[in-house]
Amino acid sequence: MKKLPVGILGATGMVGQNYIALLNNHPWFEVSYAAASPRSAGQPYEQAIDGRWHLRETYAPSVGKLTVRDAGDIAAAAAEAKAGNLAFVFSALEMDKDKIIALEDAYAAAGIPVISNASANRWTEDVPMLIAEVNPRHADIIPQQKKRRGWEHGFIAVKPNCSIQSYMTPIWALIQKDYEIKRMIVNTMQAVSGAGYPGVPSLDVLDNIVPYIGGEEEKSEREPLKILGTIEGGIIKNAAAPLISAHCNRVPVSNGHTATVSLEFGAKKPSLEEIKQIWRSFRALPQELALPMAPEVPIIVREEPNRPQPAKDRDVHKAMAVTVGRLRPCNVFDVRFVGLSHNTVRGAAGGGILNAELLKAKGYLG
Amino acid sequence: MKKLPVGILGATGMVGQNYIALLNNHPWFEVSYAAASPRSAGQPYEQAIDGRWHLRETYAPSVGKLTVRDAGDIAAAAAEAKAGNLAFVFSALEMDKDKIIALEDAYAAAGIPVISNASANRWTEDVPMLIAEVNPRHADIIPQQKKRRGWEHGFIAVKPNCSIQSYMTPIWALIQKDYEIKRMIVNTMQAVSGAGYPGVPSLDVLDNIVPYIGGEEEKSEREPLKILGTIEGGIIKNAAAPLISAHCNRVPVSNGHTATVSLEFGAKKPSLEEIKQIWRSFRALPQELALPMAPEVPIIVREEPNRPQPAKDRDVHKAMAVTVGRLRPCNVFDVRFVGLSHNTVRGAAGGGILNAELLKAKGYLG
Amino acid sequence: MKKLPVGILGATGMVGQNYIALLNNHPWFEVSYAAASPRSAGQPYEQAIDGRWHLRETYAPSVGKLTVRDAGDIAAAAAEAKAGNLAFVFSALEMDKDKIIALEDAYAAAGIPVISNASANRWTEDVPMLIAEVNPRHADIIPQQKKRRGWEHGFIAVKPNCSIQSYMTPIWALIQKDYEIKRMIVNTMQAVSGAGYPGVPSLDVLDNIVPYIGGEEEKSEREPLKILGTIEGGIIKNAAAPLISAHCNRVPVSNGHTATVSLEFGAKKPSLEEIKQIWRSFRALPQELALPMAPEVPIIVREEPNRPQPAKDRDVHKAMAVTVGRLRPCNVFDVRFVGLSHNTVRGAAGGGILNAELLKAKGYLG
Amino acid sequence: MKKLPVGILGATGMVGQNYIALLNNHPWFEVSYAAASPRSAGQPYEQAIDGRWHLRETYAPSVGKLTVRDAGDIAAAAAEAKAGNLAFVFSALEMDKDKIIALEDAYAAAGIPVISNASANRWTEDVPMLIAEVNPRHADIIPQQKKRRGWEHGFIAVKPNCSIQSYMTPIWALIQKDYEIKRMIVNTMQAVSGAGYPGVPSLDVLDNIVPYIGGEEEKSEREPLKILGTIEGGIIKNAAAPLISAHCNRVPVSNGHTATVSLEFGAKKPSLEEIKQIWRSFRALPQELALPMAPEVPIIVREEPNRPQPAKDRDVHKAMAVTVGRLRPCNVFDVRFVGLSHNTVRGAAGGGILNAELLKAKGYLG
């Protein structure tokens, strides 16, 4: 199979770097287009990124040779798309919300699908916010989105915030088995890589934690409701439950967000053993389709008293699995547990790539 | 005023070291007796502790010269007490629960009051578990305890676990203003010093957190009920509320336990402003009595969005204050906030010393 | 004694904040003037610093009320000086070298002595680079500097880089006893606070070290030669020795620079015991004058095998002492040891204040 | 090829765990025998290790099923060897030096070759201390060792300390090109995993470094001389140079030892470019033989100013390469650089496995 040529918007930022690193040797996609700010445009990527590449893994030599384009130059991208050299773009743009919306719209209008990591379009009502294992059916709003916007080929799909990924798949696994979750209180302990680079100053997290991350609690409380929502009349209507209260903290961990979760079920309450059984056996569309980036097992259940831990569990199954542990009764609600996922892979670039794989498998890309 | 001569049981352990360091230049108490395991007994303290003193602050030269006694040798302690050289002991014993109970009983029976940091006697029903600002009235069970046990001079008083100190005073301040707290969900992020020395292996917390501390959640959920209880018929009857669910985590922080807290009030609900006002103006018996170890202000309220933080707030007011911040509505319960206190000072040796000061001021010691 | 009114240039930066915090309740000096960039000018300090104060200790309320001035507005400062409201300034400017030189010159020309923490003027040949315990006699170039520049009251004095303070006093103590040091190889392990705020990104030092700090090795190798130099013909002539090779590393430590040092003496070689004796008994002009910021004991010698350590030794004697340990023979040179000092206190603001105290005691200020 | 059955002595300790994890799916060797203390003996490995396995990677299911043997039961091992079920053992014993020597001798005498990670036999004069890329020819002492001891099949080979691996291959690459190294001063910044588990208490390295590791400096200074030595008269005679002075420090890094190195050459001095050229083109016997554990490139040269760094460079080439950087002139000696290697892989179990592969390829095993 010929690989699809893909572009990265925001290719010099940290999320862009993560996309580029994770797409090394991807079986379906090949980075053929790198766009960034005008300041970087015109230089070979290896020159534009010199001294600013912050990952352990390096970029493919072929990416190093790409001439960086101005992300604002839609015409350039459209020309490449027309020539068959650009099938879609991953948006890792870091700028004002309004500018991102305008740019992502412009790419889509120019016929280039946008798989976005940015938060700008998460609340656009006809834009699906996808976790491939949780709400793949939301992809089916894309034809309506295209029609509504008058876009022939382009569209926009986004992914949610990294802070919710440690508990979203586990609670979805229960919900789809008809266990209603009414209320939940969540405490996240989030890795510094979530803030990009330079991101969190070392003076803030050496021998310290910061019990605050701007905007994170609101996202953690609201985004699940859209993800669990239903398509009605061409838009996504939020689910009414669960009601979520999130406490978000920054901790001195490089990668891996950990969440402690207390759950209150509706009238029908699963036993601890049922929950584990549901989690262990949970498989979803990405697993059925054997998508390249999909974790073989989406939810890993650990029985040791002291797991999951970011250093030990973040990298399991290509850093795409969610690891849960410490499932036990909650003194106040029904049950409680600890969830963990890798924030820059599962929670960002890896999740975006998996979404693109899903959309390709569903026929929306390429 | 002549200082009271005090003893330290477990003088070579970490808690014992903390007591000794905090009692340097104490205006009321002077360490005159150091007891440890038979292995250390007979040596000068400075020799017994050589290579095992792990605090930044050092011990007083006079303590270094003390001959370490066998903590199991009650007769030796009784002789010193009789001679007027030992008014009471701080118990920082680290051994099996049964042995600690037997030893603490033996000291008390020998006429030596025991102010204990150990958890062994926390659930002994006639032993007060004191936070000096919260339940000083529980000290009044001491005469009944002595009578019941047939002890003339000795008695036992304990302090609760360090994990609850970051939220216990704040919730008490509200409760004593008649705001019932029905339920609360708490997530603690606890410093490694809470596990003593050598304690937590560095491999477990470098670039990592451990979402589990053995026994800590149970203590965090149960101890508040005794502290909020009432003396009835010579024993302390637990309070019925609040119902608490605790998630306890170890984080890579040297000192300072942080807790995120969601509170559900009873029918009567204070506004955020009322809560702040109650916290800011809260003063208790230790402040009224101006006890040496008492923080001038027991509850510090911060308005910045990102406080409290262990590195910045743990040491305030002799490391004896509780700092709270981020008071805001809770999406699920009524309000939520972040509390922080120094675990080895407020939560351990400092809290024990304050308890002793309270008991002395109340006439139970010296 | 009426306190001298002093100004802080760069009052909103990290070094400026350190000056302000350390001058809380200083017996001789009082912050009466705070200058920063035009952006902050005109606001009360408490407003200008809101959200940017990064120290644990807070600023004095009186400083919070000061109206921040534009550091480029020399006339404003001169007017205050004329009115007796500004005796001298501490320069904590962070800008281009040329701009700093121009500004510091302008203040001095306007009759306002400048005690600078900036590196800009360190190599100006008539400007003394002072460590108060090492080369206080270099202050005596000030009259020549003033004459040469045609300045009546103003002058400039600077302090050296923080990286050399852990070994500079110890080697000076030996040199002044006529033990020539010919060559030395130094490895520093430097705290992140040395890079200011936001400074070192947490992703760079979590579970990591960075074996490079831009410009630091050159400063560490050259500055000692000026400090050990002699005043000749109105300028300071560098010493010829020791020849220094420095390896400078950033480590995940908040405060406290540690250096491992191998020394080669000239023909006359002290024994280990002599060296310890020299260090232990070393006292210099700041101690003789009992300057407020002077450490009682400038060099602390530890005998434990595993000291000094930043967490345990950085704060000793107001964080102004140098702690040395592990003195032992060197396999390649003559002896080796480990030195440690607090980089933002001894190595920056505290050292600057001590220099000002020295200059005041010598009659150059106030 | 049928895999050789191998044993692990000390299979429940940290080094033993590392061997087991690294031997997962090894193409030549298969763990068939696990020996530990009598306390673990008789249990299946998965039971003996329960709660004590501290690595991220897990053990092979087949290892979990092995019945743990008493490491002191030589007869049991000899029986397995006789039955063709045990070809040789990796010794990861952690006990007194004398006991290890006695045990390793006993295994060898029983006909079982011992590839040891322990330091006990490093200075036994007829035991080769191998770094496979540096002194593979020292393996040739094995026939003489066997003859001398009267061992028919068994022998002992050891590997050196982890602290020297970051600079040993780089200096050897220069020495074998006839650049004599006369003197060197080394400063190591060593990861906590070097101390095993529980190893370094977190209180010792959170926001701290410890400038001391017991015995490490002596090993770092002496072991290179044996490795560079020559076989004469059936024993290994130490090389006379280089003279080494080592400063060994513990830093808060999980894995990866970093060393800063200053080198003094003999009369013939290479240019910086020559050195880089030598390092880049360096290949040795393990590369020529394409041994499974051998790094494709033994010495990686980085040109960035701030590399190598443990978090970014430790895992390169199966964590078996040495990464060097910052090569530049030394102010005191001739050149200086920074070297880095993974301490538990290259410096311990991985190095041991590579030694076994080398010995097998040379015909000494299997």
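Of note:
Per-chain numbering from 1; labels A, B, C and D assigned in written order.
Assume a residue touches a chain if its C-beta (ideal position, glycine included) is under 8 Å from a C-beta of that chain, and two chains touch if they have at least 3 such contacts.
All values derive from a computational prediction rather than experimental measurement.
Looking at C-D and A-C side by side, the one with more C-beta contacts is C-D.
Set against the Cα centre of chain A, the chain with the most distant centre is C.
Averaging C-alpha coordinates per chain places the centre of chain A 41 Å away from that of chain D. Distance from the chain C centre to the chain D centre is 44 Å, each centre being the mean of its Cα atoms.
Centre to centre, using the average C-alpha position, chain A and chain C are separated by 48 Å. Annotation for chain D: residues 204, 206-207, 252-254, 311-312 touch two or more other chains. Against chain D, in their complex, chain A makes its touches with residues 51, 56, 206-207, 254, 304, 311-312, 315. Of all residues in chain B, those touching chain D in their complex are 54, 192-193, 197-207, 252-254. On chain A, the positions that touch chain B within their shared complex are 183-185, 187, 189, 204, 206-212, 214, 221, 243-247, 249, 251-254, 258, 260, 262, 305-312, 325-326, 330-333, 336, 338.
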